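Two complexes, one shared chain (chain A), two partners (chain B, chain C).
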Partner chain A sequence: MTPIVHATGLSQWYGIVMGLNNVSFEIGPGLVGLVGPNGAGKSTLIQLITGQFRPSSGSLRVLGENPWNNPRLLRRIGYCPEGESLPPDHQPVPWLSGLAILSGLPPSDARQRAETLLDRVRLPREHWHKRLGQYSKGMRQRVKLAQALLHQPEFLVLDEPMNGLDPLGRQEIAHILKESAAQGTHIVVSSHILAELEALCREFLILHWGRVLASGSRDELRTDVPNWAEQLQVRCDQPETLARVLFDAGVLLGFDLDADHETLRFRVRDPESFYRRWLGLLETSRVVVYEIRSDNRSLRQIFEKVTA
Partner chain B sequence: MALRDISYRHWQGRHEGIWHRRRVIVEAGLQACLQNRWMRYLVSFCWLTTLVQVSVLFAVGQFLVADSIIVQWAAHLNPQLQTFVRGFTAWLDQHPEISVGTVQNLLFYRYATLLMPTALLTVALAIPHLVSRDLSSNAIVIYASKAVTRLDYAIGKAGVALGLLSLTWLGPVATAWFVGNLLAPDWSFFWHSRHALGHSLALGIVLMLFLTVLGLGVSAVSPREKATVGLFVALWLVGNAFVPLGALSQPWLKHLSFQYNLSQAALAIFQPDRDLATARDQVPVLGDMLRRSRRRPDSPWLERSPQKPWPALIAFAAVATTIFQRRTRPE
Partner chain C sequence: MTPDFLQSLRGLWHLTWCGSLTWRRTAVIAAVLLANPALAWFGIPARGTTAFLHWTTHLYLGLAMPLYCLVICGGMIRDEVQDDTLGFLLTRPLTRARLFLGKYVCQLAWIQGVVLANSLLLVAVGWLRDVPEALSLATRLLLVGAVGTLVYSALGALFGLLTRRYVVLGLVYGFLVEVGIGHIPTNINALSMMRHQQTLLAGHAAVRDRYAWSADGPWTAALILCGTTALALALGAAVFTLREYQNERTQ
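Now for the complex of A and B:
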């Protein structure tokens, strides 16, 4: 599988402040989430990928090319920056048309592309005559996404694209991103809202303090974490009986019984062998199960474990 | 995970070249600047002055035609004057290099330097649209992510300033020369006034390039429009305040004014003192009058400085270029 982004020994320093510290990783095709707290280096990495910075050291290849000062590559990349980045005194269609031409599109097609994209990001037509400075944050976010998609990029890089959007807007943007990914666009998206990333992406890159701590799918990340203890919560009619059966089977690391709520919370030693025996153990206990939840399979739990 | 096809499937249509993309930056900037009504007033004013200059050139040209309205009108004032005017015009007709070349060089020197403050005002009005607004809205990040380099961005923004200065300085000056000589009594005026045009174009190159670089640098100093415009006006006015001080004490102080340096550049290029000397020495009657009124210029602005203006202009431009480079560099 050809990586979309390939970094070797990549570092970025701002004076004495470290943005990225000697990281090596690959980002594969598809929808990939960048995960990390503030200051982890997500935006630095995104700016390196989109050629905004020249790396302090190391090498970076995006779609097989060096992104620094490379307009030919930038024609293939769409970038949606994190902060406010729209000129307030412009109307969206002329501004987007100009950007389309900057990406190499002929003027005859640029306006049509701008209008198509504004429709696609669902910016209501009655607002098109307004200046960008008069837009709400959600509307500006849509225009920002439109400019990134304008030239049909092969690779889309989005820095916190859901910021400022209401839940419906987030759903719509997520839908557009999934649609673009299904059409073959490779997407890297960063967000501090992990639940959204989790719903959107299959693969993740976890950054912390300028280092890449882990990368891969959720399952791959989980298996990479040393001493990972799967944690489950089972609501059933006889939680004590279930606890005894699990204890006797020797699969438990610890448990917490909440008899009032008919709930047993427990951590297992070896998730893979546990899940192989899990149905048999339930059958042995003869309990009636109402609900089973695995809280620590969420991206947030994995992230907390990885960064701990 | 299944392998995906990552072959390039960008825009299927025709691609425009880099100069086309640079032109888009220029056009967008010019449109934004001309949306400012003060800028439109300024452009209109500059072209009105073209009419005045053309009228002056037409009137001067009429002195060389014996039966022109102006000559006849002057002759009717006084019979003695009639003899003088007829003799004078006959002399001027025989010496076109002075009557046309020298006179037009002096006239275009005055016109070019009179339009200089409007060129500075143009830059002051354009400054917010050059870099400041891109910095304040952070749109520069989006532009930098498109298929243009920082050099392309700089070329595009320089094109905006050069375009505006063409509208308010070079265009009026060049048009005045062309139309003024078109209305002249003889086609040879174009040839005899070639030095005036050459000097105007040379000063235009210096002035426009310098003001473009200075404007870009000042515009990049801050994302706040008022701060950048204020800085430019302060540089302009405070610099000019050093000129009389320099005349009284240290002459180098005068070079802290970029307008003074540009005026010195105009003096160096047009060399009006040489033209005046020619008139004094060669033009009958008028030369005597000029000799009698010979005195040093009152204003330090009109006096040739022993120091050349070029090092100061280059220093200003170097500082502005450094600021522009640093401020438009992604951080």
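Now for the complex of A and C:
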């Protein structure tokens, strides 16, 4: 499959400060999450992708083209910046209309398009007459997302689009992004709210200190971590019996019995082989299982392992 | 579809003015428009030809107008960098050079309007004060104001790209080149834009007699003013294309 973003030996320096350090990676189609702590290089990468920086070294291709000063490519990209800044003296509809005209939309359609998008990002109409300087953080995020969608880009690049939104707002934005992805838009979204990114994306790129540490789906990321131990929690009627059976089968790395709560917590070294044998082992033990939960398959835990 | 230059201009015009005519900004513009004629009213006595000429050719065209151009055009890109809103424009499908030139044209249109209104108000003050030369100087004043606005706005736009202290740079340029070099009695004073403005103004007999400015080569003077505008804009477009302003903000 053709990558949407392809970087080779990409570096970006701000004077003596390093933003990205000789990274090579590919970002595929669909919804991809950029994961990393503050200062990891997420925003730098996003600004390189959107042609705001010229790489200090290395090469970067976005949709097969060099993004620096390339209007033809920018016509295909929508960008939502991280900062909260919006021109304080503008009202949303005229501002979006101006940007729409600048993006190549016919002036006669610009206002209509701006209003449609403000409705789509669910900015209540009673706030449309206010100036952007009077907007809350959440309202600004919605306007920023609307300006990124103005020209129906085929590739959306969003830097922390959920910052400042309440849980309902996040859900709404996530819905819009999923809807856009379903319509064929490729999306790269960065966030430090890993649980939300996890619910939104299938592929991830993990950045840390200007380096790409890992990329791929959650399962691919997990298998890339050396000495990964799957941690499971099983609530059942006879946790001791289950522990004995698992121990005899030689799959356990360690376990912890919580008899009062009928719970067994254990770690297994080779999850693939364990899950292949799991049903057979359960049958052998003859315990009644009430609940099985994996404790360390979340993106946050994978991220902690990868960056450790 | 990638927008052509006219459509880019329309979008930039929309962004520059349609949404930002707030009461506060309108009040500032009104104050700028009215301050100069109001002060002139008190500064020019009845039949005060000398005071009128000094006010229009020195204070207005030599100081107030260039400063106004510097402040407005110097901030056209720099303010976007400072406000962290440049990214919204840089990621639109137009080249940086086109963005720079488009913003210049939008700002220039406004400045031309303000300068035109200001010049007319000054002429009106002169006429009301019974200055005999007020009406005969009007056309020349408007023309020189229009050409001067072109060049000082372009220089202001260039200074704004070079440094965030563009007002300081503009003042240093003013003292060194316009005042300093402009007064050296050799050909080097051709570097001063003010000198070419004076050549155009000297076409009026009262100005020529009062200040002994040379009226030779008005077309050359106009050509140099327009050429300097083009050069400053070309330099500005090149600087804006090559320089990473987002990078500067991040640092």
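Assume the second predicted complex is superposed on the first by the 308 of 308 C-alpha atoms of A that agree within 3 Å, B and C clash if a C-alpha of one lies under 4 Å from a C-alpha of the other, contacts with A are read in each partner's own complex, and residues count from 1 in each chain.
Criterion: contacts are C-beta pairs under 8 Å (C-beta built on N, C-alpha and C of every residue); 3 or more make two chains touch, one makes a residue touch a chain.
The shown structure was predicted, so the numbers you read here are calculated from the model rather than taken from an experiment.
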item	value
Combined model on chain A where chain B meets chain C, clash or fit	clash
Touching partner for A:Gly28 - first (chain B), second (chain C), both, neither	first
Chain B versus chain C as contact partner of A:Ile101, first or second or both or neither	both
Which of chain B and chain C A:Gly15 touches, first, second, both or neither	second
Which superposed partner A:Leu194 touches (first chain B, second chain C, both, neither)	neither
Touching partner for A:Asp109 - first (chain B), second (chain C), both, neither	first
Partner chain in contact with A:Val251 - chain B first, chain C second, else both or neither	neither
Partner chain(s) touched by A:Leu45 [first = chain B, second = chain C, both, neither]	neither
Touching partner for A:Leu117 - first (chain B), second (chain C), both, neither	neither
Chain B versus chain C as contact partner of A:Pro87, first or second or both or neither	both
On chain A, the residue positions that both chain B and chain C contact, one per complex	14, 47, 50-53, 69, 71-72, 74-75, 77, 79, 81, 83, 85-89, 98-99, 101-104, 107, 147, 151
Touching residues (chain side chain B, partner chain A) in the complex	1, 3-6, 8-11, 13-16, 18, 20-21, 24-25, 28, 32, 133-134, 137-139, 141-150, 152, 330-331
Footprint of chain B on chain A - complex, ascending	1-2, 4, 14, 28-30, 47, 50-53, 63, 69, 71-72, 74-79, 81, 83-89, 98-99, 101-107, 109, 144, 147, 151-154, 184, 186, 202
Complex interface listing, chain A residues touching chain C	14-15, 17, 19, 43-44, 47, 50-54, 69, 71-72, 74-75, 77, 79, 81, 83, 85-91, 94-95, 97-104, 107, 131, 147, 151
List of chain C residues in touch with chain A within their complex	1-3, 7-8, 10-12, 14-15, 18-20, 22, 25, 83-85, 87-96, 241, 244, 246-247, 250-251
